[in-house]
Structure formats: C-alpha cells, structure tokens
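Which chain is which? They are A, B, C, D and E, in the order written, and residues in each are numbered from 1.
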Amino acid sequence: MTLLRILLCLVALAGVARAAEPQAIFDRLASTKYDDIEAGVGDLATSGLPAAADALSAALDGRLLVAPGKPALFKTPMGTTIDVATNAPAAAGADAGLKPVRVNNRIRRAVATAIGTLTLMSPDASARLRAAESVFRGRDPETLPALDKALAAEKDERVLAAMRRAKAAITLTTDAPEADKVAAVALVAERGDQDGLVLLRGLSETAPEAVKSAAASAIQAIETRQAMLARVQDVAYGVSLGSVLLLAAVGLAITFGVMGVINMAHGEMVMLGAYTTYLVQDLLRTFAPGLMEGSLAIAVPAAFLVAGAVGVAIERLVIRHLYGRPLETLLATFGISLMLQQAVRSIFGPSNREVSTPDWLSGSLDLFGLTLTWNRVAIVLFALAVFFALQLVLKKTTLGLQVRAVTQNRRMASSMGIRTDRIDALTFGLGSGVAGMAGVALSQIDNVSPNLGQGYIIDSFMVVVFGGVGNLWGTLVGALTIGVANKLLEPFAGAVLGKIILLVLIILFIQKRPRGLFALKGRFVDA
Amino acid sequence: EETIKIGILHSLSGTMAISETTLKDVMLMLIEEQNKKGGVLGKKLQPVVVDPASNWPLFAEKARELLTKEKVAATFGCWTSVSRKSVLPVFEEANGILFYPVQYEGEESSKNVFYTGAAPNQQAIPAVDYLMNEEGVQRWVLAGTDYVYPRTTNKILEAYLKSKGVAQEDILINYTPFGHSDWQTIVSEIKKFGSSGKKTAVVSTINGDANVPFYKELGNQGVKATDIPVVAFSVGEEELAGLDTKPLVGHLAAWNYFMSVDNEANKAFIEKWQAFIKNDKRVTNDPMEAHYIGFNMWVKAVEKAGTTEPDAVIDALIGVSVPNLTGGYSTMMPNHHITKPVLIGEIKEDGQFDTVFETPGLLVANEWSPYLEGSKDLIADWRKPLSCGNFNVKTGKCGGGAKASQ
Amino acid sequence: MTSTRLIDFKGYVFLAVLVAAVVIVPGLNLLLPADNPFHIPNYLVPLLGKYLTYALLALAVDLVWGYCGILSLGHGAFFALGGYAIGMHLMREIGPRGVYANPELPDFMVFLNLKELPVWWWGFDFFPYAALMVLLVPGALAFVFGWFAFRSRVTGVYLSIITQALTFALLLAFFRNDMIMGGNNGLTDFKDIFGIPLQTQGMRASLFALSALALGLGYLLCRYIVTSNFGKVLVAVRDQESRTRFLGYKVENYKLVVWVISAMMAGVAGALYVPQVGIINPGEFSPANSIEAVIWVAVGGRGTLVGAALGAVLVNFAKTWLTGAFPELWLFALGGLFVVVTLFLPKGIMGLIGSMDSVKAWTARRRAVAKPAE
Amino acid sequence: MSALTVSDLDLYYGAAQALKKVSLTAALGKVTCVLGRNGVGKTSLMRAVAGVRPIKAGSITLNGEAIDRLAPHERARRGVAFVPQGREIFPLLTVKENLETGFAPLKRKDRTVPSEIFDLFPVLKSMLGRRGGDLSGGQQQQLAIGRALTTRPKLLILDEPTEGIQPSIIKDIGRAINLLRSRGDMAILLVEQYVEFAHELADEIAVMERGEIVLHGPKSEISEEELRRRVAV
Amino acid sequence: MDQKISPELLYLNDVSVVFDGFRALNSLSLTIGEKEMRAIIGPNGAGKTTMMDVITGKTRPTVGTALFDGGVHDLTKLDEATIAGLGIGRKFQTPTVIENHDVETNVELALKADKGPFAKLFSRRTPQVQERIDEILERVRLKNARHRRAGDLSHGQKQWLEIGMLLAQEPKLLLVDEPAAGMTDAETADTAVLLREIAETRSVVVVEHDMIFVRDLGVKVTVLHEGSVLAEGSLDHVSSNERVIEVYLGR
C-alpha cells in the first residue's frame, strides 16, 4: 500500500510540468492529491477533447474511471463505457483496475466551473443560464475567452444578462482598467443578493479607490435591502413555524379543546401519521415507484384513517369509561402514549425512518429575494386547509353541533336523541385523524422516530390553551402568534433565550387573559 | 455453570433510545460471538441489559444495581456526557469498570472509566484543519446544541482557531435547545454569515434529534456543500439512515470510523452485524466500533490478568492493543483513552461517507485540553506510581480526592 | 369526604410502616452480615430513600391537586430547586478535592474560566443557609407565581399549562452554562456532608431515615391542613370556587397558602433526593417529570395523601423492577398499569383498599355506560 | 289505552333507595301529573323514564314496547322528550343551536323548528343568536321546553316546567299543554309543585311520598283539598 | 368615605350593564333601607339576577354607582369575597351548594366568622359551632340529612340548604333569588314566614315569580322590566298597573 502511494506521488510529480497531453491529464486525475485532481479538471476542460464535458459530469457521480498510466474511461448514465481520449466506446474489460476519480467539495466546485465553461455554448438556454451562473461563481479568468465567444453568440436576454454579470465578476478579479471594474461593480450589484455581496465584499484591498467606493456603495444598497428582507423573512418564518404548531395542535383542539380529554397520547397520533407516510413511501417504492411523487397525496388520507382508527379504538376501549372524570383521562392517555411509543419502537425500531421529500416540494421559491422553501409553503397551505375544513365540519354539519352538545352536557344530549357514544368515537377519531395528517406534514421537516410526538405535545397544549380552550379560532391565532413571536425573538435573543422569553411572555399573558386569547365570555363560564 | 456478567447500560426508551439501542444490540452480538469462542477464562459471558430510559438519575440507579446487585465484571454504556457524569461516582465507589463509547468533551479521566470515544483533539481539531487546508475556509460557524459537550468543544475550537489567526468576527457561535426543530432562522443566518466573501464552513456539534430537521432545512434552503460545507461530529451513518441524503452530498463528518472503510476486518464486522440484527440494510457507526474495540480490550485484559477482579483488570487494560476496524491497532493509553485515527468523510448519496482525508497515524487523546486555562497543566496517568487522573505538572500534585488512587 | 380526625386508621398504618422502615431498613442493612438472607443490600437503601422523597413530592402534589383542585404540571420545578439548593452546598463541600483542585470554585466554574464565585453561590458553603434556601427558593418562586396567577383567577388547565411553561422555562434556563449552575451536566460528584462521606452506609442509612421522617412529618402537616377548617375551605374551592367566594372566602389567599406550603414540601423532597442519587441536573425540570408526579398521585388515589405516597413508591418500584427485568417491554407494562388503574380503580389504589367493592362498582358503571348515559 | 306504562320500578342512588315499586301510566291525549314534597322521588321517576338513570328492577313500556333497556337516545328516537329539572341548557350553543339539537331523532325532512314554539315563547325568537348559557333562568326554562317540542315527542316529560317562569308565561304554558293534549297524539307526564296549576291541567294525578306512589287516579276522584293536604309539610 | 352619606343600606344609582350591546340593566336606580324587605318581580330576563350579580360583585356595571352601608363601600370596586364579608349574603337562582361536602359542613362554611386562611388553619369545629349548625338545620328541616353529601340532595332540598347557608352567614343584607321555586305550596308559605322573621333584624331583597308568596310577604314590590324599574308600590298597586299586567302577569 505504501509502495502504491509512493508510486502515485511520483506520477503526480511528473505531471507537474503542465502538459496538455491527454495521458498527463488522466494521470493527474488519477492522483490522490486534491491539488493535482483540481489541476487535472482544469486541464481536461481546456483540453479541447470532445468528451470533456461528459467526462467531467461523470466525475461528479463517480463514473469517471482513471488509473495512472491508463486511458481514462467514463460510463454514461446508460452504462456504456466511453474512452475519454477518443470519445468512442471502450473495449470490454478496459476498466479493469480503474478507479473513480476522487472528489471532494473542492473538486466539485472545480468541475462545476469547468462544465460551466464548456456548456456556455450549449443549445439549451437553461443550460447556458446555469453555465453563466457557475462561471459567475467560479470567477476563473481562464474562462474569459470562452465567455466572450458565448457572449457574442448569445441571443436570449436573460442569459445575456447573466453572462454579462459573469464577465463582470471575472473582470473584478483581473487587472482590468479601473473604468471597466467600476462598470463591473454596477453589473454585479444588479443582482442585489447574497452572491453579489460575497463578490463585492471579497474585492481585494488593493483594488483602486474608485472601484472600492463603487463597491462600498453597492454593498450598502444591497445590505439595506437585505436587512429589510430579513425582517420580512422573520415574519415569514414565524408564519411557517406557526403553521407547524397549528397543525400539531389542531387535532388536540378537538380531543382536548372540544371534548375535554387531557390527551397525552395526542403526540403519538401525530407520530402514527408520520409512520404511515413512511410506510406509504416504502410500499410505493417497492410496488409502484412511479407514484412516489404523489406519495404525500396518498399518505394524507392514509394517515387520517390510520390515526383516526387508532383514535376510535382508544375512545371505545378506554376514554368512554372516563367521561365525567376528565383528570383521569390524563393518566390513561399517558399510559396509552407510553404503549404506543413502545409499540412503534418494537415494530419499526428505535431509529429514525427516512421519509423522502418529493421533488415538487424540494428546494425553494425566491420571492423578491425572500427565500421560502417549498415544503414550508406547502405546510402553511396545508395547515390552513385542514383548519378551515375542520371549522366547516364543526360549524356547518350536524356532527359539529352534536359534538358540541355532547361535550357540554352528555346526559342531556343523549336525552335529545343524540347517539353520544357514536359522536364521542367519531369526534375522538376526527381529532386523532387530524393529528395523523399533521404527522404527514411533520415527516417532511422532522425526525420520523418513536419520539416524534413527544416533541410536539407540550407546544400543542400551550397553543390550545394560549388560544383559549374550546375555540378553534383561538388555536389558529394562538399558533401563528407564538410562531411569529418566536421567530422575531430568535434573531435577537438566540433560540434558547428566545424560547425562555416566549414562555415567560405566555405566563404573563395568561395573567391578563386567564382564559386565553379567545376567551369564552358569559355568565355560564363560572356559574 | 459459572458465568461472567457484563452490564449493558444503554437507554432503550426515551429520547436517547434512537442512538443507544443499537449499542445494546452490538454488545449482545459481541458477547454472543465471544461465547461461541468459548467465553473468557473458560466461563461464558452473560449480558445483563437494563433500561435507564434516557433519565440521568436513573442511569445512576441502574449502574448501582448492575454493580452491587448483579455484580457485573464490566459495564458498557452511556451516550450523553451527563449520563456518564451521573454514573461516575457510582463506578468509583463500587470500583466498577465502565466503557464509554462516544466522543465527548474531555476534561475527565477516571480510574474506573475507559473512554473509547474520541476526545476533542481526536475529532474536532483535525476536522477544522482539513477545512482550513483543503477548502481554504476562513470563516467559521460553530453551531451546537446547548450543553456541555458542544460548549466545550466549541470553546476548544475557538481557542484553536484564534491561535491560527482567525479573527473574532470570523467566528459565529450559535446554540439551540435539545430537540430543536425549527431551523429556518439559523440556516438563513448561516447563509448570511457565509456571504462575506470569505470561504465559510459550519462546524456542527448539534446532537441527537435536532440533526434531522437541521439537515432537512439545509437541503431545502439550498445550502450546498460546495458553498458552505457543514462538518458534523455527531452525525454518523445511523443518523443519515433517517434522512434523504440527496441534497446533503458533500457535507462532512469527522469520526474515527466509517462504515465505508474498506478492509477485511470491517467487512466481516458489517456482515456479522447485519446477520445478527437480521437486516442487511442496517448500518454500522463509530460508537459501535468503539464498543467493539472496548470489548476486545476488556477480553484481552481479563485474559492477561487471569481474573475479572476490577483492580487487576484496570491495571491490565493499560497498554492493551487490539485491532480497530479501520485497518490499524488501537491502544489503551495510561490516561484511559485510546489511540485513534481521524477520518473525514463526505456524505454520499447512499447515506455512506466517502473518506476524503485520514490522519497519517493514530492520535493520542488529550483528555485535558491544552487550549483551556484550567486544564492545560493537567495530565492523567493511571500507571503506578502516579495513578492520577488529574496530575498538575506545575504544582506536582494530584488534585481531586476521589480521582486520585485511594 | 375525608375523615376529620387528624390521624385516621390509614394514617396510623402509614405512620407505623414508616417507623418500621426507619428501624428495619437501616438495621437490617447495617447490623446483619451481607450473606444473611434478611440483609438489605447496600444498593437498596438509597433506592428506597429515593422512593420516599418521591412520596413526599407526591404528597405535595396531592395537597394542591387532591384538595384544592390545582393541577400542577410544574411541581418538578420546586423539587429541582430544592435539589439545586442542597446540590450547591454539596458542591461547595467538595472544596479542593475537585479535578482542578481549586479550593474555592467547583470544577465546572474553573472550566468556564470563572475567577471568583458568582454572587448567588455565596453562603451555600454554610449548611443552615443552604437548608433555608431549600425552603425559601421554591417557596418564593411559588409565592410570586401564585400571587399573580391566583389573583388573576387563572384556573384549571390554564393554570396547569402555565405551571408547565414555568418548569419548561427553568429547564431551558438551567441548561445554559451562562446560568453558572453546571449546565446540562448539573451538579454532581459530591463528596460529603458535615464532613461525612455520602458514600458510607451509615450516611445512607441516615439519609433514608431522614427521608422517612420528612415524609412522616409532611404527611402529618398535610393531614393537619386538610382536616382543619382550612381544609374544608380548600375542598369547597376545589369543587365550587365561585360559590366559595360568595361565602366570603378570599379564594386566592387560600390557594396561595397551600401552594407555597406544597412548593416548600417539594423543595424539601428535592433536597433529600439529591444526596441520595448523587446528581441534580436540569432534567429534573423537564415537564415529563412533573407529569409523572401527577401520575403517581392518580395511581395511588387523588385526595387521599396516603395513596399519593403509596402511588409514588409503587410506580417507581415498578419502574425500577421492570426496567431491569423487562428492559424492552417495560413501557407496555407501565403504560398498561396506568390504563388499568384508571379503568378499574377510579379512586386509585386507595380506592381499592378503601372498598373492596370496586369490582362491583366497575361492573355497575359498565352497565350504566352500556345503557343509559350518566 | 296508555302510551306509557311503568310498573314496579326500583331505583337506587348507591345504597339509598329512591323509588320503591313505583307503577304509573300515562295515556295519549292526557296529562298525568305527579306531585309530592321535596325529595320524595319525582325527579328520580322522570329520570328513570327518560333513561338518564338506570333502574334496578321493574319495567317501562312505551306503546307496548319495553324501553327500560334502551339508552336515552334510543328512547328519544321512540318519542320520549325530557324537560329536566334544572333546565340543562347547552350553555355554549346558541338558542337556535339548542333547539336544533332536537333534530337528532328526526328524519332529514322533518328537521325544522316548529313555529308554534316561537308563538308560545316569543322571546326565543328574538334571542336566536344568543348563547343558551347567557339567558335568564326563565328564558332557559322556555328554551328547554321548546327544545323538547322540537323532537315532536309522543311522550313529553316535564319536570317542574313552571319553575322560575313569570306568571303570564305560566299561563301560556298551561294553554300550550292544553293544546298539545287536545291534539291527542302525545302523552304528557308533568311534575308540579304548584297545586293549583297541576289540578287545573291534570287528567290523572299521582302523589308520591318517600319513593312510593301513595295516591293515583283521575283528577275527578281527587279534590284540590286532598291534594294540598298530601303535599303539605 | 367614613361618613355615611346616605341613610340607605343599599344604594344603586343609574346602573347599566351591557353585554355585547345588550342592555341587561338600563339606568337602574334602587335603594333598600335598613331592616327593609323588598320584593322584586318582573318578566324573565328583566335583569333581576343581573342586579344581584352587580351587588355581589359578580358582574361589574358598565356605568353606575352601587354603594353599601350608607355609602361607605363602593361595591363596584370590591371583589365577591370582600362584599360577602361586608355582610351581603346571597341565595342563587339555581341552587348552588358545595356538592362534595355534607350538609353540615356546607352550613359550617357559611357561618359568620373570620374567614382568613390562617384563622381557618388553626381552628376546628367547636361545640358552640355545632350548636349553631344544629339550630340552622332544624330551621330548614334538614337535620335528618345532615350527613348527606350536598350534591345528592333533591332540588328542593338544595334550595333549603342554600337558605340555611344564607342564615348562617348572618348578613346585613340578604339577596334571595327565587326561594320558592321547586317548593311545595306549604313550604313556600313557610319560607315567607322565615323571611319575614329575618327581616325584623336585617334587610332582605327577594325575587320571586310566585305571586301568592309575594303577597304573603306583604312588602313593597318593585317591578323591573328591561333593566329598569317599571313600577313600585304594594302588590295590589303594581298588579293593577296595565303595563305590569301586559308584560308580566298576563291576562
């Protein structure tokens, strides 16, 4: 092994004398030193080999195979093996003894820049846009000739603008005339985002005064904009956190808020929903991989049914014996919560399960510089949808009226002809089912583990109580208020202190409004 | 038939069950295997499993039960530092033997504890070196869960970075509570901090449950490893198994072992593990290796001492050398910590790590950090005649009553 | 309805058991040789002592919950504060025996680069001061909290949830190293108290006896309260708070008095707990711990005092036993126990002891439920 | 022909017996009035018939069908409506919603609030949106009666319906009961303390004492004088 | 305000209570003198109970004055317990007793005494207290039920218990909301006797819908309607008032 290393070093040393010979490039790529590999990537990009671009992107996935002294090969995504030097299929078995090029983040960056240069002339406009972007990031003066050529040929306005900015970025690193640089600063500043800032802030100390002052004012402008955005962003984060809280709490607003069951097993219903998502994805992966993108759409009703069914079972077996003894529901549901956690732990194991995010929910939406991740946006919308659907069920259907009648006076409701046991089971099932749906959403942003529920139970009770027990609107407003307050505090106080402050604020607030935000008023309240 | 009892003190329920249950299983496997080889000193080993349920005082209670009721010859257990701190007095009082398999903050050396996880210099510092040298990082975010291990590690790192000329304004320290799940603000802060024009990296001592939402948020906000790499000390294969790793490719972790390490010993270990747990998808990780090493060391020491009597075994353990799973040998040093290689890996799409750097040799643990004021003059050496976990080389005295040999 | 005698039959039995425990447990532990079948092994003594401190905490919870209807989901906070107060004393007792051998500062302070003792640590080297703080710190917190909450008429779940918020906030605060209270690791590695090592069997036996004594006194105090006219008002407050006001009772004052007493009892329980388990850390503030304390009371029988103590001991004994005997299944057993108790023993274990008809009561209730709603 | 037949009813609260071998009938188109001093078991009897309290022994039949094993909601579906003592309004439901709880045993097409309820108790109409719990005591009593009528009962149980109601409305209630009786499709079981009112309305009278019926017969056989004597202290 | 600015025991002036726009009391003015008994009648929803809520501190008036004891105490600023302590006792429309205490204890809790927590902490039931309880239970005919759980009483028994509790309080002013509801005619008459006895030494405000009972009381009657006074005078006087007949008595 040591022998091999020495050998490799020798080969690498030999390659230092920069040669554009393909074999020398391949030998560099075969080195174990990232310095050599990085150089090899640059060489390959400028080598003019027709296969260079494909070979480079193959390198990112470990499909570019090299060994010192041997011709480099790459595998296409279809699996055919191509000789880099000739861009023709390689002989069978030619890959014996070859190893993938070592990549780390540095190499990945180098490859991205290199590919960028190579695809500047791609017929696909979006590829050219991406290329311009990576040239912007790479800022490698060696790409300038290629960029100039591309600029001359470019027709698309957007790509053109991007290329100009890329050129400006490079200009700033070269010793171009002062005027060019000042113009370049203006172009870069156009972006107005953090990448622009990176570039401008990174301008060397030795840059001419005029350039520096232009950059300084550009930085100033971008920063002001960013600072303003930051506040808006905080509120957006708060709304997003608030919706997570809302989702987690809204089921509890039914089982606890409406039915009066101190439901310590609520978190476990959320957890069951998350595990249902995992199961749905697992089944789809094996039986219908084509439907994976729609896994969440399947998981939502599935989770509702699973958690709802468990809820109905709990209600029928345990809770129904406890009406009129609300405090004892605490004890029983606590016991149920322990059992459910352990059951899931026994079945699925104690560790996290992987729930993947469909592509349509990955990534983020850029709204005037505001970054909103798609899954968060989706959660906000989902939470609101669940909320209003529930509101509709409770306010506009017979079920809703009967639920409220039963919880206010079970005996009288029965005398009125309401089938209280059915209503109880349905209501508890509904609350549990909604908690299950929350689990689907939470599986996108949190651990899917047996402890998932424990992480939300305290917050959920806090939200329901803060908002005012028995009032769904209170839960909505409570969740959003706590979410936004939390996110506004966090940048100043830090996450830990912020949370402490928030808890103290809640305690103080309850002194002012002892029955929560949306307190029930009226003579019956403490009659 | 006479047996030798081995205590297994890992949480099987509560928040830590996620990490610790695996360690219980790996111990059962190691014991079963040893028994197949005929046990130790001609006696079979008998595992005694208890569940301290992620509850720190319960750890102490269970430790006492293992030591005084079950009379175990050695115990393998604990994950969090607080659980170790909780059982430490019990082990010292009852003169038991504890093998602690997790990377920790150092600043401790007990006669009765053998630390098979990494001390800060065996994990954190090489990782920072790598980022500085390989990626040219100049600006650092030290993000951690708000407790002692991250705080200590970050303190050491801060001192280290400053000694390397990093300016105060190029270091951002951020703490979050256990189980923190909303990372929006912090990730965007990291992005902002990383937009200064200097290459920025995140050193994460975020622990446990909080990691999954943290990485999910990183992925969603598009923080790519090529822009702002994150190097973590508490994220291993087991944690990645619960994550969609596609968006995380290239982020790093520093450990002393990766499942992807390519050698015969490791391959055999993985095979045995997957057969034992009856699941060919189960991964292995660093603390598992630590238990593997610790257990083999114990076996060897008992055989050397010819008895399981604690004092004899404790003495015999020092200097014991056993193969680790990365292709070398680890040795129990007089400070009760072991020698380890440091591996830096980048996350791959399949949830494994691609080793991008490995220290050329094995590192000896600095249980007392040279970067901290109070401890830079301390050393631990449990060989006679010093027999001291915190010997002050300046004053020439062994501090701390219970820590000194009694 | 509670019987009005200060000590009723159950009380005599309870106190007798405690007295017996004080004699028997240390006696069998210290006097008999280890191989004697009646020898109580060393590890059991602090374990049983711990149960007794939990029982005292349960009494405190039962006093406010069972008799005054205040469901505290934050009593663990008072317990922990009492524990921290004594823990601070024990830390100071370590003196120069810490790992950094600093005569003045506990190890974690050396480690945090502190040069001198923070103000709030002053005086804790002096035992009477620490002992006073065991009562005063939880008492003062309870007073301030209760003063506002009861005056604002925060009741029911609203009160429960803000007590939970209180303990949760303290949990996070004590986690922070900046609090200089030992952060997540808390205070540990204690050496001795009054110069006597904590690890000696004599010390353990004494702590056990002291816990039993505290539990006995706590019980008598609670009995005194609930059998006095004050106790009758408490029950009235619990059942018909508003009506009680119209009878001329300032409900908030009643609640405040009983709340502060209860918090102090919890503080004493915590103070006795810490030297026996050897560690106090922020985990004790976790809301789950407080909920557990409520569960003990419910299991034993709310509003029965003896039941609360019994519940605490039984649940914790079950936990000790099950986590060792069935490490992988014990949550099923414990969770199942809770469900079964609620379903079959509506008045907890004391209900079972109180009347053997509970099975009959259960069937009757089942019928009542199965048929007409009640 | 009696719509309701109660025979040999025993009812206990714990160990205390509240009803002892109580038998009673109530016929369609008739008002059967139960009187008695405080605590003699009138309410207990009504609860037993409505099904909110389990009985120990005896039988209850409605139009020939045994209903004593049925849950209250099933009795409601068979036409039993209950106006309990103490009103038991749903405090957080509005007046309208309180009335609509009476829809539960009805077919979908019948689910309307009979307009006669508002003729009888005009105040309810003006307070449809107010929460039941906010109403005054008398208003709640009116609501409770209205709510029972919404179910179109065959057996209407009224436990002291005039309690807390202003004189003019008591008169209205009397007129309403007369009207309902005159329709002939409903049996009315009425508990009353107010002898004059009871005697005026009743067709049949039952007097209770310590859990037992001590006097039972048509009004014509029982003078108001005797009644007064029976229920005196 | 040491000086008694008004000879009246209870002085309500221009009191209005508005709930979400609904005026339950509308500029109500009313005075009750020492040892006066007053009957208050009026349609359901007229505001009779709300008026009692205002006097006992349960409801704060939107505007208006409510003074007690010759103007010494401003009732709108005091809480329920303090007002009760001043000597205003109340029987609720729907009987409310301490359900989980026995009948005896209910009376005991109501007894006039120092009601501070420390006083109660150091006191137990004395023979004198027991005597007083017995006396009251005798009067409300609940002696046989003395050890029963108050929650288990029948409706009428609870009414009596509440009256007993009111007696125990020995208040200067008794507010009695519908005492006869759910009582037999004989009991109603007895209640009237009891109230007349009480009124010899204290002031009493009685709300009732039972005209026979009101007649038995033989006192000045105030008719409330829509939150204010509609008529005042002897029963005969008010019952001949056309408006009173129209809105309240009926034809």
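Operating definition for what follows: a contact is a pair of C-beta atoms (placed from the backbone, for glycine too) under 8 Å apart; a residue touches a chain by one contact, two chains touch by 3 or more.
Labels paired with UniProt names: A = Urea ABC transporter permease subunit UrtB; C = Urea ABC transporter permease subunit UrtC; D = Urea ABC transporter ATP-binding subunit UrtE; E = Urea ABC transporter ATP-binding protein UrtD.
Computed from a predicted model, the values in this text were never measured in an experiment.
Novice: Tell me the fewest steps from chain B to chain E, where a step is a jump to a chain it touches.
Specialist: Step count on the best path from chain B to chain E: 2.
Novice: Need the most distant chain from chain D, centre defined as the mean of C-alpha atoms.
Specialist: It is B.
Novice: Work out per-chain C-alpha centres and flag the one nearest the whole-protein C-alpha centre.
Specialist: Taking the mean of C-alpha atoms per chain, the most central one is C.
Novice: Go through C-E and B-C and name the pair with more C-beta contacts between its chains.
Specialist: B-C is joined by more C-beta pairs in contact.
Novice: Calculate how many whole Å lie between the centre of chain B and the centre of chain C, each centre taken as the average of the chain's C-alpha atoms.
Specialist: 35
Novice: Could you work out how far the Cα centre of chain D sits from that of chain E, in whole Å?
Specialist: Between these chains, centre-to-centre, one finds 29 Å.
Novice: Taking each chain's centre as the mean of its CA atoms, how far is chain A from chain C in angstrom?
Specialist: 43
Novice: Where in chain D do residues touch two or more other chains at once?
Specialist: In chain D, the residues touching two or more other chains are 51-52, 71-73, 134.
Novice: Which chain C residues sit where two or more other chains touch them?
Specialist: As it turns out, chain C has residues touching two or more other chains at 172, 175-176, 242, 328, 331, 372-374.
Novice: Would you mind listing the residues of chain B that make contact with two or more other chains?
Specialist: 12-13, 146, 177 - these are the residues of chain B that touch more than one other chain.
Novice: Which residues, counting only chain D, touch chain A once they are in their complex?
Specialist: Against chain A, the touching part of chain D is residues 50-52, 71-73, 76-77, 80-82, 84, 88, 90-93, 97, 100-106, 131-134, 147, 151.
Novice: Please output the residues of chain C touching chain A within their complex, sorted ascending.
Specialist: Contacts found on chain C: 71, 145, 148-149, 152-155, 157-158, 161-162, 164-166, 168-169, 172-173, 175-176, 241-242, 287-288, 291, 294-295, 298-299, 302, 328-329, 331-332, 334-339, 341-343, 346, 365-366, 369, 372-374.
Novice: Looking at the complex, which residues from chain A come into contact with chain D?
Specialist: So the residues of chain A touching chain D come out as 398, 401-402, 404-405, 408-409, 411-420, 470, 520, 522-525, 527.
Novice: Hey, which residues of chain B end up touching chain A in the complex?
Specialist: By the definition above, chain B touches chain A via 12-15, 17-19, 21-22, 134-135, 146, 174-177, 179-182, 184-186, 188-189, 191-192, 194-198, 209, 212-213, 216-217, 219-222, 225-226, 229, 238-239, 241-244, 247, 250, 346, 354, 356.
Novice: State the interface residues of chain C toward chain B in the complex, per the touch definition above.
Specialist: Residue positions touching the partner: 41-43, 46-47, 50, 96-102, 110-111, 113, 172, 175-177, 183-186, 188-191, 199, 277-279, 281, 283-284, 319-320, 323-324, 327-328, 330-331.
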